[in-house]
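Working notes, structure below.
All chains are identified by letter, namely A, B, C and D, in their written order; residue positions are counted from 1 within each chain.
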């Protein structure tokens, strides 16, 4: 099989999967057929991207398909790589639907969703790009609505659809402005035409694209749909949406910023950097207050998109200042984090799905002690949690390290008042990653550790094998992607090289041995993630040996948890998720504006005896309340006004039609003549 | 700066432990040599108030003062029985504290010692026969040393602990 | 460049750090005892405590999972791994290329992460409280650390520790530059916060409600406790070595001769002792802050770091 | 030589600035007064430093005047005022402490951006301290804006004056003694006027929480 057949394989198998779901909407066979389509499709996408990346990085070889350039190959690879475990996971996950829900819609849409995401990255012209972009939006909307009977799903779907169409408007406008006079929607033609535009117009195009793609990526303040839509979807779809789909927003920004506009003034980068830093910080701060496991993860997607955009923004800034070597570093950091985030966020959503599958709830306050009931799921979730908290030697750490290094290179920016952004971004990134660690101690600790807080948690069961395999594969991916940093960074460097006139040979010089050495001017750092991994494993193995050698006691006795000698320990004595986040809620009270109300029911006989205490703590959803609600209110009011023309009479509508036609013809005459 | 000049003017005030009255400290069980060797110079003490009038506690808090300075013997008070090697129990064991005392003893990793401080801990003192009292400490958990007195002086308590460890007060 | 001798010295200095750590803590305790007009325990007291703990039985909660048993090993491992990266005696270490200052910070965070999880595992209220507070303090001190690293990296043009030390030694004036001094101040405050010293946390407290670090480890006993305590002590020593050797690098051996290594050892002991005295005096002088005043202290350290950046980065 | 001078000047300036930031951190009046005294001493030391390196006799006079008047006299006056006013030691500021510290840090960065054009043309070895002096001016203004207690505002005002003096010394190697004395007397007058006003406020409202002045509008 030549690599030329791969795109055909990819499209065919996705379509076959979709068709199979339509034909056999029920039963074990359906689940397997749907998944097989998606797995083969994902594998072909991965192979296609891999072939292209090999070709571009090794040079030579013949260009099998000019439609794949290295940048799209990276994103295609991400789609394919997450599609496989997600589809496999779906086999086990959707078994619970048996007899309750038809698999027709979700199965078909899953395959179409994957297909359109893959093809968005491959599209080389406006038409197909927008076509598949919209296909991706609609199929994912339908996937979100799978469990429309659950409370909140419809609302989440509406938000999602609204925001995605809002974004599409901006993307279309950006494309429209770039359209050459001959109307050719080819990206190469667009890029050529972009060179002839005035700087002001180019900036406008970029801003429009940033808003459009930023709303898909979940950049603050366009993130509001994300925390409600991602959790509402079935978990393997959440993994795809959070792990892959929002990354296409990053792809869009890179497509416009680098490929179509060919780089721009430094303030573009500055804007992206600032939005990224704000998203990173606000994302994690809101995640900390969230006790719905999947919503928490969704907020972390905002945080990680922020980190990606910090890298991308830094890269664009350096490019604007003519520092290509550092620019490569920034973009590499962003891309690397894109891949890593896809891996660990996919893993975490799958893990959360298993918990949901086992307990039937997403509320962390009703979980606890799951590590004993679901040992493998919890191990995999732990790996994901450590990776997203940027703990070495896992992948999250390595990519954040590259982003840090790029920011440290900020001292090379000649304009010092702009360079100030870099240390500020460093501080915000560091705070975000510290808070992320705190948040995942909460997420893992409250969910999996301690004593079960509800009957469901006590009765939880381990996930089916397919789900375990999917999670295990992604957990391995987290370890592996971290370990191979010394190969990944140069490879990604070559992907970025060539875009927007960046140097073909990445200035991030590399020692292929164990270590990774960055030596852009102003930023020099050296680590060896493989070395750290091996070192930690060796040391970890050495300690028990040393304990044995030095004859440390091996006596072990199991006894009650120490609780100052209290008679019985109950789950209610444990720290809750709310309590865990309480110090931070107080510290960042200015942001959260928390309100608490405590209502106490006293015993009728005496106020000294309390029957029950209800405690509610809420935070003000700032963006929803102050940014979106006024707009929505305004629109609703306006729509109410428009209702006046809805008479319901057919004649009235025909009159409108005729009137519109007349006006249009008049306009045509006016301009055309 | 006034603080530090006062510190320097005062100098070290820790006093040697006098040998004292031999009738006050009663060794119930001889501690084995291994435990003595291990715990002799590094001892975590968990104080358990099993129902005392707090008179003994006031004296025990004197152990940490600069004058008696139990830290020079390698003793320190710990926050959890898991970290402890020796339980310092005071008071007659009340019915409410019976289970907690057992649980504390259970929570302490072996090898462990118990020193019961005060007359109440030994004989239930004036609370003897009360409906609220479950018994003396040795009726609930095994005791190694009793220190008598109502309340015993800090020096006596130190001697009691040292006796449990098989050490002489001179150290 | 990495020779067998280089590896031997690098491993030896990690081992040395591990062996010296209890002594350093004993020294600080002794200083503090003397400042309280007490005689205090001998300097080697922590070694005796370790020996005792390693020989004792372990009591594990019925609710605890494997994570509770694994955490002490992870904590100890991550801290010892840091000991390989921090220049204790000699630079450049062959392990310098394995990890830089950022790796040091995040490896320590790895230990904190697992310790905080272990605090939640037995389902005790104290453990949860300690974990919550520890992670809060750790997260809030992160920006200061990152900015201090930024300030140091600017001077040296690298985040690798060997480079920073070498650069400061080559240009002694930079060690007394305001940027370095401010960064030193910022890192000193972070040292207090990260190691649970006064005024952030009281290492000698017995009251559960005021605890941070101690509350997380209330459930540990025996060898597990020994590993955690030893790791915590090692962390103090490593922070002191960073403060001592990054900002005042004189004495750090650049050649692997016995004489220079001996001199490096002597200066190391002197630096540790000086910092120990400073810490003891400081802890005698200040009172513990309320938990919700701690962010203010960390904000002070953050401002110091911002000033360090302003002075060393912007004003050039 | 010049570089060491520059370094020391920056060091002095950062000390002066840090004393100013202490006003944002600490809450007690006595701590504020102590911070102001320390700031004045650091300012005097910086003046002396510049005097040493430039050989200016006038600056020596300025240094001695700073030490005596601001380092000793003013703090005594302030403490007396504090004792007389009594009242609550701590007041919650408009902006909480941690946030104001972060704002203070950002103000210093802003000061850097503002002084950037001057730095580019200046060749003085002391120029690197100028952003810090400007930062102190901003921080003092912020103290005046964000704190409720009148005494703190007075100290903020005095710190502002210190900032101006520092900026003048770093920027021009010292203002003439006469001018400095004029400014100082101005500040002293301001101080005395404010003192009287504060006593009046206290008599009228039985508090020196300036928020009480809001009642005037009702």
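Definition applied: contacts are C-beta pairs under 8 Å (C-beta built on N, C-alpha and C of every residue); 3 or more make two chains touch, one makes a residue touch a chain.
Quick caveat, the model's predicted, so the values are computed rather than measured.
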Field: Chains in simultaneous contact with chain B and chain D
entry: A, C
Centroid-based (C-alpha) most distant chain relative to chain A: B
- line: If you tally C-beta contacts across A-D and across A-C, the winner is A-C
Most centrally placed chain - per-chain CA mean versus overall CA mean: C
Field: Whole-Å gap between the CA centroids of chain A and chain D
entry: 48
Query: Quick one: chain B and chain C, Cα centre-to-centre, how many Å?
result: 34
Query: How big is the gap, in whole Å, between where the Cα atoms of chain A centre and where those of chain B centre?
result: 58
- request: Identify all positions of chain B at which a residue touches two or more other chains, and write them in rising order.
  value: 80, 82, 107, 109-110
Field: For chain D, residues that touch 2 or more chains besides their own
entry: 98-99, 109, 112
- prompt: Which positions in chain A touch two or more other chains at once?
  reply: 416, 420, 555, 557, 559-560, 562, 564, 587
Task: Give every touching pair of chains, nothing left out.
output: A-B, A-C, A-D, B-C, C-D
Task: Using the touch rule from the top, collect the residues of chain C that touch chain B in their complex.
output: 29, 33-41, 45, 48-49, 51-52, 55-59, 204-208, 211, 214, 218-222, 225, 281, 284-285
Statement: Within their complex, chain C touches chain A through residues 54-67, 73-74, 76-78, 80-81, 84, 95-100, 102-103, 106-107, 109-110, 112-113, 116-117, 119-125, 127-129, 131-133, 135-136, 138-143, 145-147, 150, 153-154, 157-160, 163, 208, 218-219, 222-223, 226-227, 291-292, 295, 302, 305-306, 309, 313-314
Query: Considering the complex alone, what residue numbers of chain A touch chain D?
result: 416-417, 420, 424, 587, 590
Field: Residues of chain A that touch chain C when the two form their complex
entry: 368-369, 371-372, 375, 382, 386, 389-392, 397, 401, 404-405, 408, 411, 416, 419-420, 423, 426-431, 433-435, 437-438, 440-442, 444-446, 449-451, 514-515, 517, 522-528, 531-532, 535-536, 539-540, 543-544, 547, 550, 552-553, 555-564, 569, 571, 573-575, 579-584, 586-587
- request: Spell out the residues on chain D that touch chain A in their complex, using ranges where they run on.
  value: 96, 98-99, 109, 112-113, 116
